[in-house]
Each structure stands twice: as C-alpha cells, then as structure tokens.
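Presented below are the structures under discussion, each in the form of structure tokens.
Both complexes below contain subunit A, partnered by subunit B and then by subunit C.
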Partner chain A sequence: MSSRALVFIIPIIVIAIFWMMARREARRKPDPTRKGFFERNGVVLGTVFVLLVGFWTLFLVALPYLYMVVESFHPALPPMKRGGPDDVLTTAQYASFLVNPINDSINWLHMGALLFSIIASIAVTALNFAICYPLAYYMAQAGTAQKVRLLMLGLIVPYWVNEILRAFSLRLLLASKGLINQALMGLGITDAPIDFLGNNTGLYVGLSYAYLLVMMFPLYNAIESLDKNQVEAARDLGAPWWRIHWDVVIPYAKPGIASGCTMVFMLSVGSLAAPQFLGGPRTLWFTAVIYDFFFQSFNWPRGAAYAFIMLVVCIALVLGMLRLFKVSLGEAIR
Partner chain B sequence: MSAGVELDHVTVRFGDFTAVDNATLDIRGGEFFSFLGPSGCGKTTILRTVSGFLEPSEGCVRIGGQDMVGIGPNKRPTALIFQNLALFPLMTVAENISYGLRVRGADRSARRKRADELLDLIALPGQGDKLVSELSGGQKQRVAIARALAVEPKVLLLDEPLSALDLKLRQHMRAELRSIQQKVGITFIYITHDQGEALTMSDRIAVMSDGVIQQVGDGKAVYDNPETAFVASFVGENNPFPGTVTRADQTYAVIETAFGPLRGRNPRGLRAGDQGILFVRPESARLGAGSADTTLTSTVTNVAFEGYMTHVYLKGAGKKEIIVTVGRQAAIDIPAPHSAAPINYDADLGLVLPEGMLARE
Partner chain C sequence: MSSKAIMKGMIGFYILLFFGYLFGPLLVMGVTAFNTPGYPQAYPFEAFTLDWFVKLYNHRNMMDGLKNSIVIGIGVVAISVPVGLAASIIMSQIYHRARGLYYLITISPLLTPGVIIGISTVIFWRDVLSVTDVTRGLFYKGIVLTILGQASFISAYCLLIFMARLTRFDRAQEEAALDLGATYPQVFWHILLPFLKPAVVSAIVIGFLTSFENYNTTTFAILADKTLVTVLAGEVRQGTTPALSALAVIIIGISIIGAISYEVVKRQEQNRAERAQRQAILAERGEIAATA
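Now for the complex of A and B:
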C-alpha cells in the first residue's frame, strides 16, 4: 500500500476518534431531553447534511492540506516512478531547507529568504499599525459621523481595484522615470533618480497598502467600543495625550491590535504578487521560492515542505508574540 | 486646599444652539454647591466648561481667582467624577485610585500609601488589589471619588454620580458624600436632577432650566422663596393658579383666577394688570373654608394614604387638579371622594409670581 493512502486513512481515523469521544460523552452524562441528530432532522435531511458537511470538510478543507503534508515527506520523482520502490517516506525535503542537497553546503539562500520575508513582514505590520492606529482612533473616537463615512469610503474604494493593477500603478509611480522621481528632480531635491524599487521602498509601500484595511477594521472595532469618558477621565487626572493612549486606549484595544497584526503579518509573509512586482531585483521573497518549486522545477514535495516550514515558523512566531503581550489566541482571532 | 469658582457671563453654544446662556455665579471655596435642573438643561455642559473639556463661547471661568482660558483639563485644579464613573476596567482598585499620581511621576510606594489612605477614607480598607469589576455599585462609586481625590484637586466636580444606584444606596451615599466633603474641605460642585439630593446635601443650589440659571440660594430659600414660576414648580410640589393681578401692594397681591380672586405674597412687586401665577404648596393648603380671598371650592377625587401623611387629590374650576397634603392629625376626617370640599391657605404661604414657564412633570 502506498504511503499516500495515508491521506485518506487519517481523516477517517480522526472522524472515528471524534465519534467515539462523542459517544462516550453521551454515555457518561446522558441527557434524556436531547434528541439525536437524525431524530431532530429526519433521516433524509440528516443524511444530506452529513454528506454535505462531510464533503466540505473532507474534500475542500482536510484533504488538500493532508495531501500536501504527505507529499512533503516524499522524494521528487518523475511520474513513472511514483508508487515504485524509490517512493519512500523521507524527511529529505525538510532537510534540504537547511543543507543544500546539490553541494552539501548550508542553504543560506533559502533560510535568508525566509528570514527576510519575516523581518520585512514585521516591518510592514509595524508600519501598518503606525498608520492605522491614529486613523482608527480618530474615526472611532474623535471624528463626526459624516467625516468617518467619507474616510471609510476613501479607504475601501481603492480595494475595488485589482491587485495587479494596483501593484503596477505603484510601480509606475515609483519607477526611476516615474512620477515621484520626476517631481523630486523637477523640484531639484535630487539630481539622480532614487531607486525606490531597488531599495525595496516599493515593496514596503505595496504590502502595507495591500493590507491596510486588514489592520484597520479590527483596530477600529476595538477602539470604537471604548467609552469616551475613559479617555476624558485619564485626561482629567492629568495624563498627557501619549499616556492616555499607552495606559487606557492601547490596553483596551489590545485584542484588536493583536488580531490586526497577526492577520497583516500572516498575509504579508504569504503574499506573492506584491513582492514580485514591487521588490528589488535582488530581493527574494520566500513565497517566490515555493512558487518556483511548484511551477518551475515541478518539485512539489520540496515546495510543500517549504510551505509547511514557513507556516510552522510563522505560527510559532505569532504564538510567541501573543504570549509575550499576554493576549490569548481566542481574543486575537475574535 | 479649596478654591472658589467664578462663572463670569459664561455662554456655551453648540452651533446655533445655546446650551448655557449667560451664567454668572460665584461659588465659594469649600462650599457644597449643586446645580439642579431637568434633563438637558445644560448642567453637564457647565461642569465640562469648569473642568476644561469645553471652552465657553463667551465669558470666562475663574478658579481660585485665576482665569482658566486656554488651560486644558489635565492642567486645571479640578477633578471630575463622570456620570458613568468611567473607572479603568483593566486596572485594579489601587491602580485606579493612584492613576493621577502615576501620571505625575510619584513612585510606587508613595502611590500605594496614598491609595491606602484613600481606601480608608472611603471605607474600603484592604480592597486595593481587587479588580473594579469585582466591586458593587456603591463601592465603584466610592472608588471613583477616591480616584478623583487622589490628585488633591481644589474643586471636585460630580456629574449625577448617584443616578445609577438604587434608592437605599443613594440615600446612604448622600450622607457619605457630605461627610467626605466635610473631611477633605474642598469645593464640591454637584450636579443632579433630583431635588431631594440637592436640598439635603448642598450649602447652596443653582436651579437651571433651558441653559438659564433661574435662582441661586440655599435649600430653604429656593424652596420657600422661589423667584420664578419655574423654580416654584420644579422644587417640591406646587399648585399653580394662573391669572391676572387685580390689586397689589408691596406685600400682597390679589390675582383673578378661575377660582375667583385669590390673595398671596407679592415678593416680585407685580402690579395690577400683570399676568401672574399664584402658587400654593400642598402642605400649605388645608381642607375647610377660610376667608373669602384664600378659599377655593373643589371636589375630592382621590385620597392617597402614605403613612405619615395623606395626599388628597381634588378637582376645582376648569377641571384643574389640586393636591393637598395633610399630616397625621388632620387626616382623621377627610371627606369621601366625590364630596365637595373647600380648601384654604394662609395668605403668607401663597406666592404670586410673574407668569413664566412651568416645570414639566
């Protein structure tokens, strides 16, 4: 039996375990008023529900990922050899992230790409927070309803524009013969064009812009429910404006901040288009590496392994951060 | 240390709307001063102007003789207790109380010491490490007071701080507030729409309506000698009888009402021909006939026994409802409903005031 059959066996085992747990629970604490699922919905409707939900979770959620997990533990083989004697379970794909299998040297290139993607995404997250926090605070606490609506519209409408179009128009703005450089040179601020794309300014701007709303909404929601009187009470007790934010607003909005930062960070690390179109020529985003394994070298196992490495590292990082700032995961994904 | 507060022709406008109209007042240092008025009359607006969250559109506010123009709420020697308290939910009781000191850079031990002192003052000793959410309504109330007192303000501003409490607790907190004020000796400016609160706690009261200060005086003056129809009808119960003044001298005026000519005091010096309203308080009226110009004919409609007193509801000319309150002694022979019962009062207890807006019930 091929190890790939695991893909189908694992979900069935998981379902069986859950079912048994549910049975055991029901037997230990019987609730006579509770009707069974099929009793409540009828056999026909009940069966349809089970099949639909089962199809959804199995085929659309569980199987693709599971397939990828299993794939990542296999060697990359031409189609004829799949399932043959060479098709064994191996961790070689994960090891190749650390040590390059071609020349047995440390794989600085890929590790560096992951590190760069993470650090740049942290920077993007921080930049987004710095932009969104004052805006969200203004909209939630200070602005009149009229102005807030206008601002909201101004923030949302640009997102109707397609991502690639947005990336390219930014490219046009920032290119060496682009609008901004021409303006700067026209005003005599610089003599030579500034290489905004080469020095990754474009990358940061593009990524921040792409996920601005993702930061905006959780922040706005969190700050909006803060009682204005709390802010005034702090002010009345003598707090300068920055202390009010530090002591009152930010602690209150912490779950929203955590939620926004987590999402922006995750989306930014995993983004593909913006780094490709706006990054400098020597900038290597980790998703581009993964993309190349899948679509250039057709090495799906290695691509899958890299994707999972990225996922696990990012999740660990996010959980560590949440721990550090004493936010529970439940609050952050609310 | 306490400081007086002067409002010098203060007007506050929101757009075209005038929330406070030309208020001039001199609140003395160490005084317990109340603003009393119905909802929406501009009480909170006045308080926010004193605390610095609003700037007057005209006029100026002086605290301790110093003009406060351009001085923000965090720089004024006032502390405000909010209508909903606005305690910080993520801080402990002690952190709440000492927040003002933390902002001023006091070290941990000094903050702790002051918080403990104040917890003793508000009778919550040793509860500093609790979370605010673990306190009862009355305890939260007291923590809010302690938090404001911690910064040693010269003036404490209280915006209906008892309105969220139930009746029993409210009465208890009245006494407590008053005793705290006497202990710390600073100026309290208290806002309420509850006349009982204002009358029992205050040294002086300003009665407000629609942004206008109608009268300033101690509780007795406001109750016994109201200067306007609004004050007469808002503070305590009152029976108004509108009409035209027919005869008047320095002391008394006779006013032609639906019940015929009636006599009362004339403190505002109305003259014959003026429109006026005669006010007779329920407890100043008696059942039975008296002299012709202080007697009204009416019919009993309802009797409400309330223990130490009894309210008699009557209907007179023009279906006008009149209330007479009689004490234990006189409650023995109240006529049955639907029987005719004349009412009389002492002319000195009837009050003829110029026509004006009455308080809505």
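Now for the complex of A and C:
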C-alpha cells in the first residue's frame, strides 16, 4: 500500500515547495500594491475557486495519472491479495511488452501493433493535411465572408453525428455489398467485390474522416491571420503559386500546422472506434490490445503499463517532430 | 483570363469533392433508413418505410442508454463549467513561477488519449472509493466514474473557452467599479460574470455535446452501465441494422435545425449591431453639428 500512498504525497510536496518560494519572494521584495488571493477575490469566492480547481487538477488529473503509473508497476492480483505480501513493486508488466511471459519469446505481436498504430497514424495525419490545406487556405485567404460562413457550417454539421455512427456510415459504403462495390461491379471495373475493410482501406478512410475538422480549424486559424499583402507581394515579384505556399504561407502557418498534426496524430493513435469497426480482421490496433487486457483477461496493471508505454512513445515522437520542425510546444498546443 | 477560369473550376471541383467526402457517407446512410431491406441498402431502393424509426423507439437498451447519456451530460456540465471558470480566473492570478506547471496540468487532459483518461479514472477511483464499503456501494458506479472521467478533459475545454473570452475583457471596467466602491466579489458577480455569459453558454453547449458523443473514455469508465454511444457501439459490433441509420437521420435532422437557427440568430444580431453602429455615427455627427 505504501507505494500507492506515495502518490498522494507528491502533490502536497510540490504545492508546499511553490508555497514556500512564493512566501520567500514576498518577504524579500515586499510589494504593498499586490493583494493576496483571498483579499483579491473575497474569502467565500476565493475558497470556492481553490476547492473547484484543486479537485479538478488533483483528483481528476494529476492523481489518477500518477496512480495509473504506480499501478503499472504492480503484479496483477485478485482483489483479496491486493496490499498483501505478494503486492510488490515489479517491472514485469513492462518486460511483458518486450518478451511474452507465456513462452519467453520476443513479443512481436504487441510491439508490431504499436508500430503499426504509429505508422498508420502518421500516414493519416499526412493525408489529412493534404486534404485540408487547400480548403483552409481558400477559406482563410480567398473566400468571401458569406461563403466562408456557409463552408464552416457545412464542415460542422457532419460532426454532430457521433463517431460510431460515422464509422457505421463508412462501413455501409465500403462493405462488400456496399454502394461503392455495387458501383464498381455495375460499371464492370471489377468482377468480385473488393474487400475494402479487410485490406484496411476502411481503417485509413475512417480515421481520416473522423479527424478532418481537428486538422481544419488550426490550419484555418493560422492562415487567416496572414496578411494578404504578403501573398500579393510574392505574386507581384513573380513567384509561382507553389513557391508562394512553400516560402510564405507554410512557414507562417507552421504553429497551426504543428498543432493540427499533433492533435490528429494523438487522437488517431488513441482512437478506439475506427479500428474496432473499420479495421480488417487481422489488424491489431494498440488501443485494442489495451482494451482486451481490461475486458478479456482482466489484467489491469498490464493494461496500465501498455497505456503508459503508448503515451510516452507518442509524446516523445511529437516532441521530436516539433524539435525537427523548430516549433515550440507552447506554440503547438495554444 | 482562361487560366483563371481553369483555376476557379478546379477550386470548385475540389470543394465539391471535399464536401462529397464529408456528406456522401451520411447521405447514403440516410437513404438506408427509409428502405425496407433488413440489411441497410441504399440501392436498389425497394420501398419507402418508416418501420426502422419505430424499431428504434422500441429498442429498450438504446432508450436506457439515452437516459444515462443525458444524466451524465448534465453532471459533467455541472462540474466542468464552474471548474473551467474558476481555473481561468486562477490562471491570471497564480504565483508566476507555478504558472507553467499549472498550465501543463490543466491542458494535459486534452493531449492525453481518451483511453488513458478512462483507465486512470477507473483504477484511481476504484481504490479511493473502496476505502469504506459505504462509498464503494454508493459511488463505485459507471455513471459516476464516467462523469468524473469526462469532466477531467471537458473542464479543460471550458477553461480554454473562458480564457479566450477573458483576453478581451477590458480591465478599465473592473477598475471603474472598484473606484466607485464595489468590492471584488461584487465586481465578479455584476461585471465579470455578465461579460462571460456568452462563454458560459458555449461552454455548456460544447461540454454537453462532447460528453454525449464521447466513446473512448466512456467505454472504460462506464463499467456495467451503458450510454447511448456504448449501446450503439455494441450494435455496430454485432451487425448492421437500418435502425442505426434511422438514429443518424434523427441526429442529423436535429443538428441541421440547430445550425440553421444558430445562423438566423447570428445574422439578426449582426444586423442589430450594424444598425446600432450606424445610429451611433449619425448621433455623433448630429452632436458635432450642434456644437459647431
């Protein structure tokens, strides 16, 4: 129990450190015009603010995350044995990601699933950027206000339909008896239906479809603030259209591009619905592996360890990419 | 001249393709909701029917799920909107050295995959609530855990909405009120809160919709209970029925009505603002003329 109790002490220590730093600073450089927090907001309101935010940041965010990490360093035990002598700290759950504990062979299955999820998500991110960039540019720079509002509305309406039903609609379209196969066979392009779901076309389309808006809005916001005169100037100086985009628009919109790509990538790796409903029968998405540890084998610590591995790998990848393209994290998550 | 026309044609074609991609699947699904075959089929269209809507209405699980979804949505909004508001105010007042960490913690639920939020919520609250049998019996339930899990990231959405509005707040208003003898709590209730009202409304709407739609966090946190979305997921996994298409038709119908009425309200507001501005300019001119 001690390692789990430790989780509760960490935030107390962090808060205490900042508290003492603030006190020391106040004593060193007294500022009579500065008001204390409770003076500033009133005792009642100030207390309510602190309680609300304290509950959220501690009990809904920081503590559950830390607790999950600690849990992943424990063995999977039946409820009766938890907190008993068998409940020791162990890295076995992490080791099981590399080496399968059942037959001591390298765990290609799970490592492959993580790799596949990441590569497919990168592909989906690139695809969405390619699809969204022209429309984002058109709306931000070329379209009239009236047209832009209409296009915006057209973008938002489909996203009121939830993720599951959108995946369902794509399945209807792409199934072997679906409209696309009917059309292809009707036109005589193919004789037998193409298995779009089995060959993962459905998966890529589904992921791209699900996160189109997540790419669109950061791109639009970034390009919108670009001064139209800059594009004009480049055009007057004789730059071809692709150089205008490559040398003027894209460098300017880099933080927006970074933020759109980061969000699409993270959402796509962590998605559950599209791989479940549109992936082929042999396709294993990493979240599905985690899902099975929770609901099939009831091995929560191992599921937690896998979730943590996924989070760390993804964040490392995103930070690496941001550094490569020289964008700061602050710009990207604004 | 002709190259410009080609360019225009290409842009039009691209926009057509884009929105075809966006709406095509939904349209096809919409057609299957009114077609008779038991396997959702858009072509050939055999006969018009409304049976699938009746089937949908009689679907017990879905109606139970819908009720739970609404309860969860209300619970999440009740937590997230006040939390987001308080968090946005603390953001501007927190000790400056702690602001970086505070920002990171408040924004981290937006970058964390929903699956992980769901898992961490269940693992943490299972043990916390198991401290006594009473709390475990009362609160270790799917609905409660789902509210807590969803509130963790929806509060962050609300925070961003409030922060965006607060940047446009004119500090002079606050100073004027203070100079006139108002206390800080009075400033909050009579000046800041009315100013934030539009943000409160959008936080409520966006919070509720996000909660209603959520799947990733909910599948883990919901335990043995169900929401509309988890029931839907179960149905889609088992097979396909046009009743699901019927549900989508209802949702799309509601959203189109919502979008149109939003557009109408917005346009009216804009007209009113323009008229007020015109009148203000006229009035000013009149005054200048009067003093001259």
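As a convention for this text, the second predicted complex is superposed on the first by the 327 of 334 C-alpha atoms of A that agree within 3 Å, B and C clash if a C-alpha of one lies under 4 Å from a C-alpha of the other, contacts with A are read in each partner's own complex, and residues count from 1 in each chain.
The working rule: a contact is a pair of C-beta atoms (placed from the backbone, for glycine too) under 8 Å apart; a residue touches a chain by one contact, two chains touch by 3 or more.
Just so it is clear, the model here is predicted, and its values are computed rather than measured.
Looking at the shared chain after the overlay, A:238 reaches subunit B, while subunit C stays out of its contact range. In the overlay built on the shared chain, the residue A:230 is in contact with subunit B alone; subunit C does not reach it. When the two complexes are superposed, the chain touching more residues of subunit A, out of subunit B and subunit C, is C. By the touch criterion defined above, A:251 lies against subunit B but remains apart from subunit C after alignment on the C-alpha atoms of chain A. By the touch criterion stated above, A:171 is placed in contact with subunit C alone, subunit B being left untouched.
When the shared chain is aligned, no partner comes close enough to touch A:86: not subunit B, not subunit C. Once both structures are placed on chain A, no subunit A residue is touched by subunit B and, in the other complex, by subunit C. Across the complex, subunit A is touched by residues 51, 53, 72-75, 78-80, 82-84, 86-90, 99-100, 103-104, 147-148, 151 of subunit B. By the touch criterion stated above, subunit A contacts subunit B in their complex at residues 227, 229-230, 232-240, 243, 247-248, 251-252. Residue ranges of subunit C in contact with subunit A, taken from their complex: 11, 14-15, 18-19, 21-26, 28-29, 32, 39-43, 79, 82-83, 86-87, 89-90, 93, 95, 97-98, 101-102, 105-117, 119-121, 123-125, 127, 148-149, 151-152, 155, 183-185, 188, 209, 212-213, 215-216, 219-220, 229, 232-233, 236-237, 240, 244-245, 247-248, 251-252, 254-256, 258-259, 263. The part of subunit A that touches subunit C in the complex is made up of residues 4, 14, 18, 21-22, 37, 39-42, 44-45, 48-50, 52-53, 55-57, 60-65, 67-68, 71, 131, 134-135, 138, 142, 149, 151, 153-158, 160-173, 175, 177, 179, 182, 209, 212, 262-263, 266-267, 269-273, 276-277, 287, 290-291, 294, 300, 303-304, 307-308, 310-311, 314-315, 333.
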